[in-house]
Structure formats: C-alpha cells, structure tokens
C-alpha cells in the first residue's frame, strides 16, 4: 500500500479527552511516512487506551484526520420499583463498588451494577429479587442508566423445628422466639421474615430458657437454615441436647465485700436447694453491684460462678465481689439543652460534683430530668476521667421537647364586634424552668385576662412559689339567651409548695375570689332559691392544702410508676360562702413490655358547706363528662340536674299498662279532634307530667280532679347543663400501645380506654310547695351514690404534642348512656393531655 | 434503543396433546403438604402401595384400586419416607425419630436420629442408612434400630431444602452433600473411601455460594451418575474417578433410559446426555421459567411436574412435549381432623396446588402425590 | 422507544454559571440557588460545578439556612480537599456552627453569660482553629480569630456560672474546682476575675485560709476595681446564703423565721 | 425586668467585635507563680491579624476562566507550553507535584509519564482529573516479624489509589488519595510522585 | 408549725479517708503509690504542687455534720514525707441518702420462674 508523509495530524470529535492524551497514545508523528498497515496498528493502540468507542483515520491531502467517538460517561442512574431499600441507600452501595455518576461506561459496568444491587437485597433476605438495567443514550456522549428492581418478597419462614427436646414441647419453646412461622399477625409484626441476627437472638433466648430452669448442661448441637428452590420460604431446624436439671447446693461469697455479708445475702434471689436459674443468679449479682454502687463503688463487679457437680447434678455457687476503687465525680455535664438553662437541669441533680459517685443518685438524676416533662429523651453515661482510675464524669444528654401552647385569634362577629384573643402557656418559659401562662380575650361583651406564673425552685431546695390573677367581665345584659347561670369572677391566689421527700410534696395556697352571678332566663329552682338566700355577689377567702406523691418514670407520656394527689380547698369563715372541697386523684402505670403499658386512673371528690351553708354552693359542684373525665359524654353534662322550669299541663287518663285512653266514636275507633294538641300528658309515679306524642290528634280522656276540673301537673323543661353534685367518682383503664406505621413516636401517645364515672349529690333540693304543687320529690336527683347511674364508655384516643400545644383526638362509644344524656362520638381538644 | 429481555414466552398453549392421561384412582391423605414442601413418596411392592401422610399416618393400599388394606397412626408429623426393604417400611418424623414398620402394619422399632431426616432412607440386608439435614450419614441395625456408626460432613451456612437419599452398593454407600460433594463411605465401618466435588461455591453472598447435591446418586452397570445445583452433572466410577462431567445445575438427580441420561435443570430446561461421554443429545427449553420437580421415566415417556400443578410428558427420543395435564385437586371439605394447618383451599397460596414430591412409575401407572395431600394413579395411552 | 426530550435551549456550563452569579450579585438568592442546582445536575464535574458549590454555600448562609451550609461545606471539603478556595468552605462551616450556638433566647434576651449547652460553642471553636492551622494566610483568619477569643470568654463565663450554682448549693469543692479550672485553663478572659472572687468565698467556707489569701491577693493585684472589692476589702456575694429561707420565713414574707 | 429583655435588645453573636482582650493574671511577688495551660489555645499565625471592627459575609472569589479547550486541536500548537514539574507541599503540608502548564497540556504529559513508568494505570477520567493506579505497597522490612519469612504471610494484595490532578491559580498540582477520598500515607505519596516527576523530566 | 420540714439534700463533698488507709502510708512512697492507697484527691489546688489535701464534708439540712482535712506533704523529689490532720473518732458510716432502693427498679419478687 502506498504511503505518504504526514504534514499535520488533526483530531475531530473530542469532548472530554484532551488532544494531548491522544497525541501521546498515537505512535505516529508529524514528518513520519506511514502506510495503511502502520495506520491500522496505530488506531489499534489508541483503542487500547480504553477511552474511545470508535476510531476512524482519514486523509485530507497530507494531513491525517483522526475522527474519534469517546466512550460515554454515566450521567444519571435512575432506580425504580424499589420500596424496601431507599434509592440513596442503593446508590451508596453502588458508589462503594466504584459505580457512580461520572464514571466511564463499559459493558462490564452494567453487569457489576445488577450484581451489586442483588447482593444488597440478599442481605435483607429477599433471595428472589431480580434487577433489569437498560441504557439510554443522552446528548453529548453521555448515558443514563434506568434500573428496574423487582424486589420479590422477603423469604418467609415456613417451618421452625426443634429436635431433641423432651422436657419442654416445641410450642412452649417456640412461643419465646421472635422468629415465627407465617401467622395471622405477620402483616403487622413481620415476625416471619428470616434474619440471621434474629435467629442468633432466638437461640440465646432458647439457651436462657433452659439455663433459667436448671438445665445447666443444655447445648444447641447444631442449626440448619435451608431455602426452598423457589427461594421464598426458609426452613430452620435446631438440634438440641437438654441434659439434666441441676439444683443449687451451697452459696458462698468471696472477695472484698465492703458491705456486711448479711446485707448482700438479702439481695439473693437464689437459695440453697432451689433449682439453678441463670437469670436469678445474674439478677442477684446485678442487685449486689448496684448496692455497692450506692456506696460509691461505681466500678463494682459481682459475678456468680457455678461449680458444677455432674454426678449428683448439683451446683455450688460462689459470688465473687470486686468493689473496685471508690469512685468520685469530677464534672457533671449537660448537652442538648439548647434553650433550657443549665441551672434548670443541674438543680434536679442529687449527685454533686466533687462527691463520691452513687449509681443510685446518678440514675435518680435521669429520672428527675425525665419527670420535668421538658425533654423527649434523656440519656446518661459515666466515662472514666483519663489518667485516673477512680474519677468519672457524668454526662447527661437531653433532647428538648415543645412544652407549651400558643394561639392567637383575631376576628369580627356581628354581635360581639371585634374579637381579639391570645393565649400563650409555656411550661419551660424561655428555658427558665418556670411555668407561665397569659390569656387575653376582648370583645364588646367579654373582657377576660388571666396570668399565672409558677417557679418550682423559689429556693434551692425546691420550695416553689406561684401566683395567678384572673379578671373576667361579661356584659350579660347584652346577651340574648343566657342558659342557667353565668358568673363574673375577679381575684387571685398565691401557692407555695415544697418537697418532704425525694418524691413527695406538700403545697399550700391562699386566695381571694369575688364572684358576681347572673341568672339565666329559664333556671332550675335550686339556683333561684340559692340566689334568693345568698344574693348574687360573693367574696371568698380561700385556703388550699395538697399532698402529692410522684414516682412516674417520665413527666411526659409516663409508662411506669405511680402518682397520688390529695387536696383540700376551704372557703374560710368571714367569706360570704363557707364550704370545703376534698379531692383525691391517682395514676398507676404498669409496663407490659415493648412500648405497651396499662394505666389505671381514679378521681374522687367530696364537698359540703359549713357554717351557714348547709350544702355546697351549686356553682362549686363537681361536674363530669368530656376529655379528662368520662369521655363519650359532652363535657360537664353528667350528674344530677337542677329542678327545671315547668309549665302546668292537663293530664289524660291511662289504661292499666300506661297507654293514653282516647274517646271512641261509635265504631270504636279513636275520635279525631283537630283542636287537640299533638302532645298529650300522663302522670308518672312522682306526680310529674310525662309527654306522649299524639300526632294524629286523637281526643284523649282527660283525668278529672276532685273539684271537677281537669287535673293538672307540672311538666318539666329539661335544662341544658347538669347542676353537678358534691360527690365525684371517676375511674378509667387505658391500654397504651405504639402508634403503628409511624417511626418517631416520641411526641405521640395512642390509647384504647374504658372510662366510668359520674357526679352524685347527698344534698338533693326538696321542692317546696311554692315551687311545684303536686311534686312529692325531686324527679332528677336521687341522694347518694348509685352504681347503675355510673356512665361508662370505651374508645380510642391519640395525643400529638405540637408547637401550638398538645392536640387530642378521641373517638368514644358510650356503653350505658340513658335517655337525656348528651353523648359525643368524636372529640378534639387543644391543650389537654388525658 | 433497548428492549428488556422478556421471559421466553413458551408457546405452551399451542401444542395439541398427543397423549391422554386418565386418573385410575385418587385418594386424599388429608394433610396439605404445600408449605412444608414434604417430599413424601410412595413405595410399591408387587400390588401394594405403601404411603405416608404428612399428618402422621402410614397406609397400605391396593395398587390397582387404591383400596386401603391397613393404616397405622404415629403421633408425630412424618417428614421422610416411605422407604421399603424386604418386609420392612421406614419413615422419619418431625421429632427426629426413625420408625420401622412391618409390611403387615405393625410398628417394629423407633430410634432417635441426630436431626430431621427429610430424604427417605436406604438399606441393605443388615443395615439402614439415614442422611439427616445436619450433614450426618448414620447406619442402624435393621432388626432393632441400634446405631452402628455415624459420619459427619461439614455443612455450609445456607443450603437448599432437601437432602440426598443414600445409594447403597456392595461395599459403599454413596451420598450427595450440601457442600457440593458426592462422598462414598465404607458400608460396614462408616469411613469415607473417596469424594468428588461437583460444584465450587463462589460469589460473595450465601445465596451465590449454594451448591447442594440434593438428588440421590443413580447406579447403572458400574457407573454412578449424580448432579448438583450451580454445578455439574457427572458420571463416576465406583472408585471415584470422573468418567465425564458436563454443565447441568439441578435440584434433583438424573434418570436413565434408552442409553441416555435425562435431567431437569434449575431454570426449567430439560436435557438429555449420552451416558458414555455426556454429549448433549437434545435440549428442550419449552418449559423454561417453570419450577420443575424431579424427572421420572414412565412407560416410553419422560415425566416431570411443576409447582403450579401441571404434569408434562415428553418423548425420550427428542424431548418433544407430548402432553400437558393440569392435576386439578378434588375439593376437600373445610377442616380435616388432627391437621394443624388450614386446609380450606382458598387460604392456600397458588403454589400449593403444585406437584413437588417425586413420582413413582409402576407397571399399573404413574403414582403422583400433590402438594394438597392427594395420591393419584395415572395411566397414559396414545390419543386415538 | 422513548428517548428523553432534548431541551432546545441547552445552555453551556458557562452560561448557567454566569446567570447564577448575576442573581447572586443582585441578592436574588432563591433564583441563584435554583440556577446553581441546575448547573450541578447538568454539569456535575469540572471547575464551574466546584465554583457553583462555593456560591451555593454563600446563598444558604444568606438565607440563614445554617444546616445546609454545614452539609454543603463538609461535602466540598471532602470532595475537593485541595481546591484553591477550600479555606472558604472551612470558614463557612465554622461560621454556621457559631450561629447555631446562639438559640433565640441566648442571642437576644439573656445577658453576656453563656447559660446553655456549651457544645456548639466548643465545636465552632474547633472548626475555626482548623481553619487557622490549615490556612494561616487565608483572608478569613482575622474574623475567625476574633470570634475564637469571644467563644473563650463565653465558655469561661459558663464555667463560673456553674460554680455560682454550686456555691448556692453549698458544694464548695465543686465550686472551687470549677473556678480554678478557669484560672489555670481559660486565661485572658473576663471570667477569671469572677472566678477568683468565688474561690475566695469557697476556700473560706472550706476553712482553707492560705488558699483564700492567695486567691484574694490575685484578685486585688489584677482586678482592683472588681465589684466585690471596695478599696481592697472583700465583700461577700451572699451566694452561700441565697435562696435559703425556711418555709415559715417565706410564708410570712420574711417576718417570722 | 432584666431577665425578660436583658440590658438591651441586640444580637449578642455580634458582641465579639466589641469585647476587649483581657490581660493574663500575674502573681504578686512572694507568691509562687501559677502554671497556666490553655484549654482552648488559639493557634499562632505568622502575623497576628488586626481585629476587624465590622463583619460582612464574604463571597467566594470569582472563577478565573482559563483557556477553553475546543473540540479539535492540532498537534503543532499543542507542543508550546513549558511543564516545569517540581515536588512541593500545600497549605496543610501534604506532598504534591506542581506543574505550571495548563490543564490540557499537564493532563496529556502526566498520562504519558504514567504509561512510561512502572505504575499500573487501571482507568482514567479526564473530567474528574483522576488516574486510577493499582499499587502493591511493598512490605517494608522493619515490620517483618522473625517468623514471617518462615511462614510467609500471603504477600499484601494490590490496592486502588487515585492520583488527582487539580487546577491551581497558575498551572495544576497532583495529589495521591486512597479510593475513599482521604490522603494516601506519606511514604507512598512520596515514591509515586517522584516516579512521575522522574518520567516527566526524562 | 406541725408540717414536716422541707426535704433537703445531703451535700457530700471530698474524699472518704479511713484509718487503715493512713496506716498504709509510708514515707518515700511515689505519688502513684499514694494514689493507689488514698485515691485521687478530689480538691485540686492551683497554688500548691507539693501538698495534697484530702478534704471531706457532709452537710445535712444546711449544717455541716462531719468534716475533716488530711494534708499529705511531698519532698522536692516528689516522694511522700508525712501527713497532718486527723479523722473524727466514730467509725465512718456513710449512710445512704435514699435508704430505700428505688421502687421502680425491678424488685426481687417480681422475677417469676416458670416451674
């Protein structure tokens, strides 16, 4: 082939590779004379650089033109069809094996990608996942990779079999396992999805189950995990040898006990002669090292070592006590309190810097921080101070939680003109640990202001001081209908409280309230009589005393522990109204394991007048119903009703079983008389009238009084609100469960509840003749507690802590509501944590 | 632009059945085997069929009519069997016990195994050999069940469900293991004579490293044939030399007929090899993508079934698909005594109509057990 | 088959970058950020992309999105450790951490003492000092150094604040230890004077007279105008007696005791 | 009340501009001098910068756009620029190889230098300025235990290193990184960069 | 008045020193040996390098009920030479502030064992 001398070399089609690189790789130069053969070898060598998809050599006179097509680079990797593993997790996996955007795209790259993705799914037990990748050409020599993932499903467990167990049946043992064969609950708990760590954990549970019941020689000989050919079910077999049951022969202590042996042996959960149980041995050692920790030996170690005598199947237990050195605390540090003051956390500490370290005080510190209710999570760790072996730092790490509510409303309503309302309440006001709330409402008819401030640490020991002021002025004249009664109140009180032990507090309060009362248009007799006797303006000097015991494990959403409160409020002599009210409330939380717990709540109250009040003033009555009391019933709607207004109605005669007797025409059919009202009345046993509908206007046979005229009786108009009573009984049972499908549940509480309760009175108003002529006793009020008057309801509720305050949604189904009860299905409230 | 490679659309529906398959009789054994993937198979002696049901019953039936001759109930679920040797039947149960039952229906002895025995046992005059899923091969006295020796083989972390039944020769007992090896042991002493590796585990995840030899090795005039998953099908001499080996990843074992070796591969392909040099005689890919079970030679055909309940009959000569029959299960009333699993059909998952257990060819017909716990005797005759 | 619709007005790298800079010049940060995001997705590599990432940090900072400044700067430092302007990334990371150290209350409403979580301040100090070590001749060291001195003052004031609590709590050894840490390890801070004053009272309560004398001497020698010194004589702050009244005393508004 | 609004409503994070420095505590004579050791030491700077009196958020310096490498280039004009390769250290003291020539020229000559050297080039990507080198770090003698020659632990397998070319104000510089983006160790960087330098000069 | 007093924390500060610790001290001991016997002194002293003070105080209801101060002296080479100060007579029994073990932890009888 003829050759020619190269005058110049020109490159075409370069985008990212530089001309210099091509010139270096090209074994020919300006001035060489080349023929066909040499050009071919040159382009072959250039191709080996791995940068080009295609190379063409052309000739333009004596100038060699090299036309190149570069290998494309990957510009985008799209993944679709993946649900179990997030896209960026998959991309990270690819990056680790060098497959990322910007890389030169070669055939092998495609295969490496699908292998890597399959590997990620296999690690999740999805053995039958399938990956399909396709390449999409993009302008400027780039390629986009579209990866389609068919995740398949996680191999579910078809069969778990334990071979070689005689003492305990397969069912009994498999109940303890986390892994289960596919069952009804699997969609929720996904417990039938195989994972190696879960199997290891279950094997450990199996071993403990035996070791805790005396089978100290128990051993898992071997385990087999096998997969069905279509890779969607897993078969697990555990081959075990149980060995014999061993008892404990004698128990000894060794090492430096620091504390009296007698005190340590009190903490033994195992006794001589008992069946050996590893859990009880470990529990004993834990308690003993905790006991030493309380005396400053934070690094104490206690190990219960069994010495096994196989012939007569007995075990000698020796507890080796190593107190380690008495430890001291150098610094107590707090982190995560972005807005809460350091002192608000530090004042909760029982453990001092510079003192000997007590595990109990350090743990109590964590519990008290939890109990503040300002923090979502509180963790503590005690690293050793470098360079010493007996000094530690105590580091508390908290995550703050919104603890308060904030809302404004501005509006205009015809009747009340411009409406302006704002209320802000913060339990941790500006991080100071003080509770502050301010409420303002203003429109033409109502002006109400209230302000409260509470400082839990008025003194360093936790003597608290709080005061609140309230002023409420409603111009009732302008209101059209006022139901029952309304009050305007002004006043304030001052409270002090102090701890009398690590968990109990006493508190006192003194206050002054002035109340103006306004009668509604239709008002029960009790109110009328009360206003006639007492007038409508009262000034009260009030004293309060309360004792509280709080051993809850957390302030917000507790899950364990108990809480009791007893309080008494007295309006002392010299006040216009003298009465007292006693109240007891209690909460028990029982953890049920995992995030489940059970709560029992009860609230009891009793009040009475004294001095020249022989009954509790009606507007001080207990009322029940609504969130925080008996859910499923409108708030304040339960309890005895007042003796309502009545109007006198004509009575009709009734037959033996209480139906109305009607005039009959000649054919025996009831006579129709258009002038007869659609409602007729009959008399009940109390002498009150009961309405019966008479829509087709039959003419009733009226009942005649002895003076010949038609007999009449009072027919009462039901009043809106319950009057309440001086006895309050409430109780509820709640099952607290983890809200499903939500990851971060720290600001969520979901419960199933059964509420029961009502208010009663032992001071029923006896209607006097002037009130109602024929009435012998009060139709809506029975004296004393009556079990079948207690209303119950079941339902579910969720509380969500938000910046504007705790939102509570409840849905309840009343169980034994009676006619006349006002019930609620769905209720929503802001600011109330049930 | 690129189109994603489709599943090979097998034009199954288009073939016209050249054979008719009739059901001579069908008997419901009452226990749904689907999810447990039991591979209980019947054993036939003259005119009696001995069969076990997963819920613990051993039955003897008349081969011709399916009529029950006797029935014995064990308290435990049966997971391995039925093996037949002389007048002794062997089954193994979930609690890791091996039971010997006389062909007249009396329980002779039961002895404890080291673990589950999913495959049926094999035996010779004095001994019975059991391969348990923990990788142990043990020998027991046939007359009283006493253990003679046990050989332990190292097991991988993950294996395919199912184990290879032992092949018993004069001096040797040959078994496939989950490690990808075929091992020959001295029958009397239990010491390994030779082993051959049929597959090499490679790849990073446990899944890629599966290499089970789950099919029972086959013996034919002086040559042992075996196949492994992710590995080779091979012909071995009694001294363990490899006469030939070819690619052939399968969950089961090869069968022999007309001088050829037939094997169903894990991707649904069926392959025939020349028994002398392993040369490929024919390859049938029409069933690719189906989950095929163990191939069986029956009459003049090659029979194989899949996990959707279809039975296929192919020509031994060229692999042509001659018949495709759907084994519709006879509906069973809702709940069956002492069977813990749900047995109403709606609750079962699709795969449970499948035919995963191996089939047994007899002169009167082909015995097939379905995942729904039914035993059927099928006969085949040319379509007139 | 569908290939992606090729955008007609396919801009070059340079055009995307110019438009983004324009938006930044007239402080139109949201538009600038959108354009920078487009630049990054179309031309993820090369000098324009790197410069775009630096501008993105600036835009995040100006829109007070400190979290994004942190992630963007840390990513830049990891990907381009030797870029000519990587010192800018180090500086902005430190600045963002510094800003995060001031919660709303601490920034506007409290006095000059740091009373809350010191961790963000310590992190900011570490980030600034990394800038000074790695890039001594960077233009940002002057501002960084001044902020570091201020952070030292605040961290020292935090220690003394804790010591004051322990004085109220009567944990005198804790108070003395915290204050002499300030004396020995937080020199050149205004808090040293208050630390010395607290040491005087703590040693007095502990009955360690010569330590008390030493501390007082240091206070008189270095801070004669300290509020607790009137012409040389030490006046107790009354911390040890603060917040102590008995319940009766409080109830009776301090009359009874 | 002071806690509510503090002495004045201002952004305290700006206070650093106005806080005066405080002198160290000196001991009066007769008292044993105290030994200070600073918990939060401020690193020295060659020249202590004078305190700023105001603060504005700085903007990154603008991009100095170097020559635009067009699609086609001819060999003739390519030869011209001088490389002047030399070993150097960057701000943080990491070993780098500096070249004065432009990006295109430097990329080409370094590629040529590597393929001429005994370093094994696996892959290269001009747009990210990365050469993927496979290097078997030879076991340095000192760590060899007495027994290891006898039992001969398996020879260290090869690792992937990234030789990164970055643009500087003038010219470029190369640095050696491990495959997950952190700097390779001192000795290895030294040997690789000097090998490339030797090839560039030959 | 009849109400129970405000619950006040016991404030404990400093090292616990016992008589047998002091007996184990011998002149010439290195500082490390002294720390092994006495523990690290909690109160650090910026002014004194050659004297260690083991100060102890326990305050109950705002009143120090127990305190002592043991000072250990070292020579120029940093070797222990002698100590001053004495322990209060009665054997030290640091009774625990919260004498009951907190209830919320699992109490012994709640660990049931399935027989």
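Read from first to last, the chains carry the letters A, B, C, D and E; within each, the first residue is number 1.
Heads up, the rule we're going with is that a residue touches a chain if its C-beta (ideal position, glycine included) is under 8 Å from a C-beta of that chain, and two chains touch if they have at least 3 such contacts.
Predicted model only: the values in this text are computed from it and were never measured.
Colleague: Which chain pair shows the largest tally of C-beta contacts?
Modeller: C-D
Colleague: Farthest chain from chain C, going by mean C-alpha coordinates, please.
Modeller: B
Colleague: Would you identify the chain whose Cα-based centre sits farthest away from the centre of chain D?
Modeller: In terms of C-alpha centroids, the chain at the greatest distance from chain D is B.
Colleague: Which chain is the middle one, judged by CA centres?
Modeller: A
Colleague: Can you work out the whole-Å distance between the CA centroids of chain C and chain D?
Modeller: That gives a centre separation of 27 Å.
Colleague: Taking each chain's centre as the mean position of its Cα atoms, how many Å separate chain C from chain E?
Modeller: For chain C versus chain E, the centre distance works out to 37 Å.
Colleague: From the C-alpha centre of chain D to that of chain E, how far is it in Å?
Modeller: 53
Colleague: Could you put a whole-Å number on the gap between the CA centroids of chain B and chain E?
Modeller: Using C-alpha averages as centres, the distance is 77 Å.
Colleague: What positions in chain E touch 2 or more of the other chains?
Modeller: Within chain E, residues 3, 5-6, 11, 13-14, 42-43, 46-47 contact more than one other chain.
Colleague: Do you know which chain A residues sit against two or more other chains?
Modeller: In chain A, residues 102, 136-137, 330, 352, 354-355, 430, 459, 463, 498 touch at least two other chains, as defined above.
Colleague: What are the residues of chain D that contact at least two other chains?
Modeller: 3, 31, 34, 127-128
Colleague: Touching chain D in the complex: which residues of chain C?
Modeller: 14, 17, 21, 24, 45-48, 51, 54-55, 57-58, 61-62, 78-85, 87-88, 91, 95, 98-99, 101-102, 106-112, 122, 125, 129, 132-137, 139-143, 145-153, 155, 181, 183-190, 192, 196, 214, 217-218, 221-222
Colleague: Give the list of chain A residues in touch with chain E in this complex.
Modeller: Those residues of chain A that touch chain E are 212-213, 267, 269, 275, 277, 279-280, 283, 287, 290-291, 294-296, 325-326, 328, 330, 350, 352, 354-356, 358, 360-361, 363-364, 367, 388, 390-391, 459, 461-463, 498-502, 504, 506, 551, 553, 560-561.
Colleague: Which positions of chain E touch chain C when the two form their complex?
Modeller: 1, 3, 5-6, 11, 13-14, 42-48, 53, 55, 57, 59, 62, 69
Colleague: Which residues of chain C touch chain A once you look at their complex with the stated criterion?
Modeller: It comes out as residues 3-4, 6, 10, 44-45, 103-106, 109, 115-117, 119-120, 158, 161-162, 165-166, 168-169, 171, 173-174, 177-178, 242-245, 247, 250-251.
Colleague: In their shared complex, at which residues does chain A touch chain B?
Modeller: Within the complex, chain A contacts chain B at residues 119, 122-123, 127, 132, 134-137, 148, 158-159, 161, 163-164, 182, 221-222, 224-231, 233, 235, 237, 239.
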